[in-house]
Amino acid sequence: MGTPATESIADQSKEVARIAAFSDGVFAIAITLLTLQLEVPRSGDLGQNLIDLEPNFLAFVISFLVIGSYWVAHHRLFAIVVRYDSRLIWLNLLALFFIVLLPFTTSLIAEHGDQPLGVIVYAASLAGAGFANTALAAYALVGRRLCPPSTSTAVVRYYLWRGTVVAIYFMASLLLLLAPTGTDLVMYSWLGIPVVEELVRLHLRTA
Amino acid sequence: MGTPATESIADQSKEVARIAAFSDGVFAIAITLLTLQLEVPRSGDLGQNLIDLEPNFLAFVISFLVIGSYWVAHHRLFAIVVRYDSRLIWLNLLALFFIVLLPFTTSLIAEHGDQPLGVIVYAASLAGAGFANTALAAYALVGRRLCPPSTSTAVVRYYLWRGTVVAIYFMASLLLLLAPTGTDLVMYSWLGIPVVEELVRLHLRTA
Amino acid sequence: MGTPATESIADQSKEVARIAAFSDGVFAIAITLLTLQLEVPRSGDLGQNLIDLEPNFLAFVISFLVIGSYWVAHHRLFAIVVRYDSRLIWLNLLALFFIVLLPFTTSLIAEHGDQPLGVIVYAASLAGAGFANTALAAYALVGRRLCPPSTSTAVVRYYLWRGTVVAIYFMASLLLLLAPTGTDLVMYSWLGIPVVEELVRLHLRTA
Amino acid sequence: MGTPATESIADQSKEVARIAAFSDGVFAIAITLLTLQLEVPRSGDLGQNLIDLEPNFLAFVISFLVIGSYWVAHHRLFAIVVRYDSRLIWLNLLALFFIVLLPFTTSLIAEHGDQPLGVIVYAASLAGAGFANTALAAYALVGRRLCPPSTSTAVVRYYLWRGTVVAIYFMASLLLLLAPTGTDLVMYSWLGIPVVEELVRLHLRTA
């Protein structure tokens, strides 16, 4: 949509801030719910029980880094978005959809990370998140649709590539399933996601 | 209530923003809690277990779209509200009441969506949400009570109709219970709720 | 504490807003977690199961109204607070402590509302909330410590009485335990809490 | 990173506020989830069941005070931060990592607080939080990297010491494990954390 003609550009910036704040809420809740799958049994040896939680803890750390990375990217994108319309809101909800899924997929790899299907579902949902973020950025930035005309081409290029590279990274990680080492290697490879993001950023010199 | 005479209109706009922020928090939490009902059993075949989650996943997607739609409408309404009083706050809490119920009713249709009573309770609570939103909009906008005098009639008409149409849509969907196809068709019909909203908006030309 | 001398009054208002926003987050989460105690068993007759949830649903509605009422009062109080110090923050955390307890005490009366001890614990925690709010208001407003000098006496008096009256209301409700009707009457009496608040407000003419 | 050259200092302050708001969300959710480990069994004597919850309630109060204290410190730090970069965001996420862990470690000491390993894990995670906060403050304030040049040395010194003292306090508390009194004394010592913080603040005269 456009927005009611009575709304000035200053008003739009307030509404864009509210979209960002709602998104922040979703990110903050999803990242905090990640620990709900960390449960120590009441009985048995505490030391052994904590050691047995290792896959759950690894899953928690991975998803914490992933949500953190996506939040950082979202934060940066909305620092330059100054207008909004109906499509931006729904593309943003699509991106949040995959974030909301993370407490579930985190439980999945915590409990079933030893099975290829578990890691495939996790990687697929995060590849979805990457593509959704690229779609969101492309809609907002290409043709400077919802950002200032002065936004540099380097900045736009960075946002378009970031989500795509992350999506490719998650899909490519699944090739490690072919290695004889099992699924652990795939999961450990995901810990590199913040590094990948920084590399994309540095390479595209947006800063 | 009115507000203390010491409060300027600028202050009111700050307070209206806080009402919106609190509402955003409720929307964000409710939408993120929707996945708590997605649980994969620890034992058994993972592939089969994921397939068995299909009704839970459908319930999640429906409620995600529903909360997203209601949030979009709330976001738009509070973009034009500039004053508040006690009644607005309580009508807003009434609208949030039905949002807060959604993680519960989502579990309900996830587990019992094959029974008419389950889909009736779900649809009834969302019809309630629709009517509460119409009441909220009517209170704020009719006579331009809490919005600028310059707010166009088209905008006011849109907000009055939106909640009502959504409520009617949910109630009408229950007629599909009479079809021999069972409750599935009812649930799939709810996926159309964002489309219904866009149609209402386009038809009433508020943008 | 005072605040660093480098901080201007405008900065303080930004920091007060952050205290309010953090509090809003706690209120929003607590009100949304209230439904976690609404659980429909997977087996058995759905209609009967829903009817059996009646005490849980009553507990949910009561706590929703209670959190709503406390949020409204908090919202109003922070509309006039313009400065902060260490004691205000800790008194505010004390008030939030009782709000955070509500999902727990709500489960308690949902499951054990038929026992006097259950309703006593619930009422006691909300009396605590009322007194904490009075202490918070007294600290901020008496002597206009953290509000504008122009704040009217009527406004100050309203905030001092509000929490106290609510606390007395919850404690007085426990006298109904002496009636032969059991604990139900006590719980239904709590539904009147928004009415009590409006009466306090109207009587003290703060609006 | 630096930030896109198109971004003015006013824009940065808006983005810093969003980092603070996201952090507030995490703090607010973590503090509200603390009660999820308070569960009264459906059967048995209610009075006895509530008494049996004493360790869970103690764990809740401790973690409420701890999160409250860390939030107060975070609130104060971000009152003077006016710029941000990629490292600040990731150091902030590191500090939040330990806050997000608290609902888990709180359950741990609630259920296993009678075992040294339980209290060691809890104290270690909070020492980690303390060090992360010192690292965050050091990065932002040393050389006035992300705060105004006029920020006083006393303020900087306070933020550097605060996290470190809290970390040392938690580690030192573990020495009480050597006492014959068992783990209870360690846990009760943690109730002193807000006092320790106030002493640090008063001693370093930042207010």
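Every chain is named by a letter (A, B, C and D) in the order it is written, and numbering of its residues begins at 1.
Basically, a contact is a pair of C-beta atoms (placed from the backbone, for glycine too) under 8 Å apart; a residue touches a chain by one contact, two chains touch by 3 or more.
This is a predicted model, so every value here is computed, not measured.
Of all chains, D has its CA centroid at the greatest distance from the CA centroid of chain B. At the interface between chain C and chain D, under half of the residue numbers involved are used by both copies, so each side presents largely different positions. Separating the centre of chain A from that of chain C, both taken as means of CA atoms, is a distance of 36 Å.
Computed from the mean C-alpha positions, the centre of chain A lies at a distance of 25 Å from the centre of chain D. Looking at chain B, residues 21, 25, 28-29, 33, 36 sit in touch with two or more other chains. Taken in their complex, chain C has these residues touching chain B: 17, 20-21, 24-25, 27-29, 31-36, 38-40, 42, 46-47, 50, 64, 68, 71-72, 75, 78-80, 148, 150-152, 155, 194, 198, 201, 206-207. By the touch criterion given at the top, residues 1-7, 11, 14-15, 18-19, 21-22, 25-26, 28-30, 33, 36, 86, 89-90, 93, 96-97, 100-101, 103-104, 107-108, 111-112, 115, 117-118, 121 of chain C touch chain D in their complex.
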